[in-house]
Amino acid sequence: MQYTLRVYRYDPESGQPGRLVDYTVELEKGATVLDALGEIKAHQDGSLVYRRSCRSGICGSCAMKINGFNRLACETQVESLGRKPIHVEPLPGFKPIKDLVVDLEPFWNNLHRTLPWLINPNPPPTDKERPQSPEEFAWLEMPMTCILCASCTSSCPSFWADRTYLGPAALNKAFRYEFDTRDQGFGQRRDTLDNRHGLWRCHTIMNCNDCCPKHIRITEEISWLKRKVVEEKY
Amino acid sequence: MERGIGSGGAFAWFFQRISGAVLVLALLLHFWVLHYSNQGEVTFEIVAQRLATPVWKTIDLTFLVLAVIHGFWGFLMIVRDYVHSKNMRLFLVAAVWTVGLVIAVMGALTIIGFHPPLPVAPPEQLGGMVQ
Amino acid sequence: MRYKWKSGQWAFVLHRVSGVALSFYLIMHIYVVSSLYDPQNFDTVMAFLNQPLFKILEIGLLAAVVFHGLNGIRVMMIDFANATRVHAQIFWVVLAVSAVLIAVGAVPFLMHAGVLGH
Amino acid sequence: MIVHNHEVVIIGAGMAGLRAALEVSKVGDVAVLTKVYPTRSHSGAAQGGMAAALGNLDGDNWEFHMFDTVKGSDYLGDQDAIEFMCRNAPELMYEVEHMGTPFSRTPEGKIAQRRFGGHTLNFGEKPALRACYSADYTGHVVLHCLYDQCVKNSVRFYSEFQVTYLIVKDGICRGIAAWDIRNGGLHVFNTKAVLFATGGYGRVYRITSNALANTGDGLGLALRAGLPLEDMEFVQFHPTGLYRSGILMTEGARGEGAYLLNKDGERFMKRYAPTLMELAPRDLTSRSIQTEINEGRGVQSPEQQAKGEPGDAVYLDLRHLGREKLKAVLPQIFDIAENFMGIDPAKDPVPIQPTSHYSMGGIPVTIQGRVIRDAQSTEVPGLYAAGECACVSIHGANRLGCNSTLDATFHGRHVGRTIARDLPSLSYHDLPPEAMREAQAEMNWYFDRSSGTENVADIRGELQNTMQKNVAIFREEKALTAQLDIIQNLQRRFKNIHINDRNQRFNTEVMEAYELGNLLNFVETIVVGALEREECRGAHWRTDHPGRNDVEWLKHTLAYREDGKIRLDYKPVVITRFQPKERKY
């Protein structure tokens, strides 16, 4: 089956602004957008640049804006996108580096600001695990699946307006540790969360929630964090 | 992390929601009283009578204060969202607070200072002005 | 291609726009009311405001109030009742209920303005 | 050319690299290079679990674990190394938990454990509950937890750096050269110690569970620096890769009770492994599946049905587990089946086929993680390796499921400690100018290929297709010999590749070509090793030489590249507790 992909091309060294270029590719049934990009790169234009690695939806490299919506190229079947030309563009909200590749440094920096590690001043028991019930673990099952693909943060209008806003991915990480019964880091994380660039920039716009390839209900997690801050503070 | 103006936000967030909930109820009341209970007639007489009672004065004052704070905190939220230059933000925050205070005082004075002439002026005096 | 607008984005933008509109109305409202110290003045202004044009504008005001209030409830459901899973559905409910309330609420206004007869 | 000085440079940011970085960062200045971002490493794709005989649910102990690993390796694993790892696995597991990794739990709040292929109680009596898991995201959560810990320890990362050159002179490792993918330009790292944690090379095959980045870069570099590669003929095929794409469907699925069915709906494993059934080790299960397919009992795709061709898949049947359990314990499997095959695994069986998954072989190292250069275990000062790219050898001829996450984390930590111990006695050495010139010239060569005519993707595709056909689960002399010719032909064609993009920044066209060059460089060691080893052992199955031959072949292969040819040498296997026996399940 033949498909047309309208791909964003941008080369900073050329001094030209980015533009959309059409490529027509022949694809087998079940082919994904990543397969399509691979075919273009292999046989039409080797200079096309995009990030990719696992092609099975677990590494988070190939998040991009496909038909106006952030998703993983490797998980998106070309067939599901209709017969019109498929728009493939880089993640919005980040500085484009080249073609479909964007500068994710702000993303990582924001993530690291949430102190994303287990904080517990008490030494763990020797030679056994810290106990945690299945119900307590259930709180972590959703946030722990985050693959840090940046789809959510890149889809957030609040992030577009403020690049130092932690963003949904970092807040998901904060939730992951804050609601881990083994963690006692709230005192250290509070100022980052309860901040002009923290929780309160979330206006429940839901873009993060809608595009998360792992179906994490990030907005719900952010609400839990907001309530936790309010409760602990007043 | 950043401290001073712009840090925190928990109270504003929580207050917006609580005041919002109260405002929804207050608005229902306001609309009902204003537009439906008297078939939409709004006359000096009716308003004046209502405002003469301390209960209504309190209700209206609360309503006023909540509405002003809710609305102006909304503006502050927008400023925080989109204005990142420190000076500009300070200026706008100050401006929003100033206008907010002025409006709140103005409204409060109206409610408190709204002395209806007692006894209430006879309707003929107002006569033709009313539909 | 710009980013796709989904229900949450619409809700957010409509909420902001209606909120700003309501705040400006509030300023105007308080200013108008506070300038009415004597009965003469009050009723003059009220009569002026009773013109059909203002009644139509009041429908806009009603729409803003209704949507802002109902969507506010939606936001609170998301914030306090973990309604994220059904946020889109709630938005459609908010829209539907808003439409009904605005339609019902508009009738007295329009009647009063003479549009629908007295 | 920019020169950096770091006491220790770690190449690769998977479980092994990150765990080592954590250890070294306590005592010295460490930099981690990765060609992706740390959390993109393929360790994150490990699903089912991490082995440790905690005995949280049964009377498991480390000796059973050791025995299973030895037996699983078809007695080619070095037993001193296996004992060292299995004995300390529980303590490591607790450490991983203490760092904050979320684990599924038993009702008492202990780490939950599930069955996995080849893991048994009482030396083969019945399946053991040994794989500690976190739903089916185990590798993912451990990787992210280790990354988080590295962020906490302020480990310096160089993300999107492709290592292109290993500087070894006079038998001493002096540093590496790496290409800055993002900005372009060669960076040289002068070091006291280099640790390779570069992972595997599943991309040698067409059907693989591995990431596109898994091109065995570290192996190519070591071979080029004159070092040998050990046991390269042993390549694991995971029994259950998603049909055609080869995407991993965890063994944990069978650990939870999934069946394997042929086209007649028969649980055929009863004919191959009556005791353990679907939970037989991977080599045996993959061979069983391939046998079913080869003998015409494979499941046909709709196209094959239409054309009347024989099927090349079997079914992984999860239906009887029920939707609720699937969503709870195998959520990722559920999503993968849905996203990539459009199949609801609660309603329909999932077509699968064996997929290239893991390399048992790699850069030979001592138990301490120091790289050795010959059969006499002569060490290369300043060079270390851990994880899949290293061969300790724990896994021998066949790795047991959930032993790789253990191996990577365990040896990552251990080699980190070794480096920390060695560091005071190590020093910086001069960088030979000719090495730096050579490294730069190599990159210039790639950027200067606009006049070439061969297509990189086509050469890569042909390599993968032929390897899949000739050097996969079943091997025989004729096909292996033919494959050697094919590879040599591809190597010739590679000299004339065409590269369109001359841009220095983010030139992934050059990077992909570089990866292919590397693959072509070491892929011969797999074929030559397989051709010479005339026996069946673990994952290496010679149809023309049936049966295991302990008299001649109970030894490790070492492959060197010398004067453009592969030379083989051999190294004895360490046997301590368990004498080689026939392997039955």
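Per-chain residue numbering starts at 1, and chain names A, B, C and D are given in the order in which the chains are listed.
The working rule: a contact is a pair of C-beta atoms (placed from the backbone, for glycine too) under 8 Å apart; a residue touches a chain by one contact, two chains touch by 3 or more.
Owing to the predicted nature of the structure, the values given are computational and were not obtained by experimental measurement.
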Report summary line: Chain centres computed over CA atoms; the one at greatest distance from chain D is chain B
Query - Centroid distance [mean C-alpha coordinates] between chain B and chain A, Å - result: 42
Query - Rounded Å distance, chain B centre to chain D centre (Cα mean) - result: 68
Requested in this report: Would you kindly tell me how far, in whole Å, the mean C-alpha position of chain C lies from that of chain A?
Outcome: 36
Query - Averaged-CA centre spacing for the pair chain D and chain A, given as whole angstrom - result: 27
Query raised in the report: Can you list the chain A residues in contact with two or more other chains?
Result: 203, 226
Report summary line: All chain pairs satisfying the touch rule are A-B, A-C, A-D, B-C
Requested in this report: Provide the residue numbers of chain B that touch chain A in the complex, in ascending order.
Outcome: 1-2, 6-14, 80-82, 84
Query raised in the report: What part of chain A is in contact with chain B in the complex they form?
Result: 158, 161-162, 191-192, 194-201, 203, 226, 229-230, 233-234
**Report entry** Touching residues (chain side chain C, partner chain A) in the complex
**Finding:** 1-4, 6-9, 11-12, 75, 78-80, 82, 84-85, 87-88
Query raised in the report: Touching chain C in the complex: which residues of chain A?
Result: 65, 67-70, 87, 89, 92, 155, 157, 203-207, 209-210, 217, 219-220, 223-224, 226-227
Requested in this report: Would you mind writing out the residues of chain D in touch with chain A in their complex?
Outcome: 36-37, 39-42, 44-45, 90-91, 93-94, 97-100, 102-112, 134-135, 137, 140-141, 144-145, 148-149, 151-152, 182, 209, 211-213, 244-245, 247-248, 331-332, 335-336, 339-342, 455-458, 499-501, 503, 505-509
